[in-house]
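Pasting the structures here.
Heads up, the next two complexes both have chain A, just with different partners, chain B and then chain C.
Moving on, here comes the complex of A and B:
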């Protein structure tokens, strides 16, 4: 049985002035999904996700979040259901300490002091900024500030978390840390929607991929399915991760599914080459 | 509102200095007269220039926006100017008299305000910032630092407006009620917008300063890629404008054009 839908988009059309950015987009996101939205710059990725928490209202069509049409909701109300981590964390930081910054969103929910403290501590732990709780946010690195913004959203515990390129400006280790954290959240039941340009991240973490191209959904399927027919990706100037390209290029009968990670490739190829697969 | 609108028009081709002279001339003329028909003529000439520049439709939009303030000015005059012939009363029992003079003065003030503002909007809409900078420093010999400061300030207005929108969105997305309707909640919520905005602005300014220095700002005597020669047309236009101003002052000294 499929989980209930948390976001439903029907015939969504949106334009900036004369420029039509979204053309009849239809999609449903179910509870607990891990969705990657990919596409070239200007394909409408951010415009689409900005509809999920009501920052943008559809020009025509409907966006339903948590059973309510966003047209009738304020962003600050929808924030309870949908958390949004922006590309630039600096637009929201204004407290003297990291701790207060993270607490701000939770306070807006009107919870008890004890609950607020617990949630803030937990969120800071989750993003690995425990020891920086008393630091001034602007003294942190960009990557750390991004994680403060993420913690601020985590502490609010929204059902759905939208991340607009959460890994830009992070080094490899920070990037993996963030993605692994998001993965844990997903396992705990949060619905995750993230925008990215990094196909390796899509391969390793996402379950479902939505390919946007010039304001239309080109493909909307499981990662495996999308990665087996890369023609669609080429159309929107996306390239598969090298390891997937290698697997697809080998076109060996024993390789049934595209490689998503190096580990997968290793475990499949090793026995084919006459060795033993190790865990 | 103060954005450059690229067109191919004789007004756009004029030297920025000529257009600046014109805007100041309009201001002087609008300030020395306060009779409605005189002011209407001046406003008319500004609109004609807008037509010549091909930005008539946009300017009508600006006028519409200014009309709101104009009505406000008329109301102020009506409320506070009590001399003259009473036309009617706003409230029964002879409260709040409205005089003919108050109405005339109010309308004149509004026209004056609209004329002056519109002439500057036309000037800014037909002149590119960089041309203005060259004209001010190269031709008027103003110190470049100050001109640059002033121009950057103007240039940053739309950037700030954009940042405000982004900060508001970011805070609303965290459940902060910047999008509420209750006035007190809204005012309170604005600190949450103001602080990030100030911090971002400081960073932007710092970034700009560094970028300028790395590109050699202030290291040497400046030269300009695009010279802005003052052509014969520019001279004729400026002379004509000067004559109009002199004529206006003479007419005014003869006692015409005042209520």
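Moving on, here comes the complex of A and C:
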């Protein structure tokens, strides 16, 4: 049986003034999916995802979240279904301790003090920041602040978590930490939707890719399918990860599926090259 | 000829603060394309601020050792003289652009150094051409994409004809095609004008493609330096430091630890593997 749909977008149109940013977008996200949204700067990625938690309302068309049309819902109501982690964590942090920051949203859910404390503790543990609960958020690194923002969202236990470029401005270690954390959340049943420019992360973590180009969906398919049709990516000014390009450039009967990760490339090539030294 | 000589440079932001730079020795020759990377908090941005004079002229702290720019100490130079030699571009083009249209943005910098009308006109035209944005000359800066804004910021620096361009994460906000456009411009300035380029970035894929020398920072020190082929062959160390290795280099290293010239780009990787298949 197919999982139920958590977000449904029908003929969505949105403009900033005269500038039409989304042009008839249609898509459905099902529970438990791990979706990457890619596209060049200005393609409409953030404008689209901001419709998922009601920050933006459609100019025409409809967006249905948790069975209800967002037009009729308050952002606070939608926040229980869809948590949103912004590109710049500093736009959403405003308390003087990490703990207060994480507790802020949950306090509005009308839960008992004990439950609030439990949820905050659990969320901080999930992002590996329990020892920083009393720290001032701005004493942390940017990657850690990004995780504080994620913890604040987690404490709400939303079904869907949307992350807008969660790895920008971070070093590789921080980048992998946050992606692995998101992967665990997905395995625990959260639906994940993330925006990124990093094609290697898309290949390694996402299951489904939505390619946006000038406000339209150019392609919406599995990572494997999208990465075997590089024409679509070219059309939207994107490039495949270099390991995928390398695999697509090799012509060998044993190599059919695209390489998504270095691991896959290694596992395919190692036996072909035999045990002998290369050079 | 050395543009910079850095002698035992250490820096702290205050007497009670931890050291950010811890004894850096380095010479940079004219015409190098230096790529700097390393984990966050390693001192990369602070180091760049010591090269363009922001430290110590605008930002205080405790500095030991010396930074020589064209054989003169940066401490003793006036900021305006440093700015003539060293152009700077930062991660957030929004915060650097002050004018309403692109032409004004370039003229703004030039008016401050007292050039005549004719020379200014030539410099603006040339800087726009070099950065590939001549068609945007009369555009409103607010309407530009991130990649375009960053190229305007570079053009404004270039109009001053600096000898060195220092850039701190100039593409962190940009998509892959915007990033490529910026690096192509830097490459051209480096090759055609012999301009010394010093750029800090996490996008090691691009450093592998464009830099002539890479410096890896960790805890205020340069812990590894050399040509990209040599640096990206040190994968155990890079892994420890949390530095991203270009995918092609990682694959080649895993297939064969002692490869003589580690392939970095897709073309080099294809060549390397096809020889063995």
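By definition in this document, the second predicted complex is superposed on the first by the 273 of 279 C-alpha atoms of A that agree within 3 Å, B and C clash if a C-alpha of one lies under 4 Å from a C-alpha of the other, contacts with A are read in each partner's own complex, and residues count from 1 in each chain.
To be clear about the criterion, contacts are C-beta pairs under 8 Å (C-beta built on N, C-alpha and C of every residue); 3 or more make two chains touch, one makes a residue touch a chain.
Small disclaimer: the values here were computed from a predicted structure and weren't measured.
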Legend entry - Residue contacts with chain A in the superposition, chain B compared against chain C: C
Inset, instruction - Figure out whether A:94 sits in contact with chain B (first) or chain C (second), or with both, or with neither. - result: first
Inset, instruction - Applying the touch criterion given at the start, work out whether A:136 contacts chain B, chain C, both or neither, answering first, second, both or neither. - result: neither
Inset, instruction - Tell me which partner A:86 touches in the superposition: chain B (first), chain C (second), both or neither. - result: first
Inset, instruction - Go through the superposed model and pick first if A:74 touches only chain B, second if only chain C, both, or neither. - result: first
Inset, instruction - Could you give the residue numbers on chain A that contact chain B in one complex and chain C in the other? - result: none
Inset, instruction - Please give the residue numbers of chain C that touch chain A in the complex, ascending. - result: 38-41, 91, 145-147, 169, 172-178, 202, 205, 242-244, 246-248, 250-251, 254-256, 259-260, 265-266, 269-270, 272-277
Legend entry - Interfacial residue positions of chain A with respect to chain C in the complex: 40-42, 141-143, 168-175, 197, 199-200, 237-239, 241-243, 245-246, 249-250, 252, 262, 265-266, 269-270, 272-273, 277-279
Legend entry - Interfacial residue positions of chain A with respect to chain B in the complex: 53, 55, 74-77, 79-80, 83-84, 86, 88, 90-94, 104-105, 108-109, 138, 152-153, 156
Inset, instruction - Provide the residue numbers of chain B that touch chain A in the complex, in ascending order. - result: 163, 166-167, 169-180, 191-192, 195-196, 199-200, 203
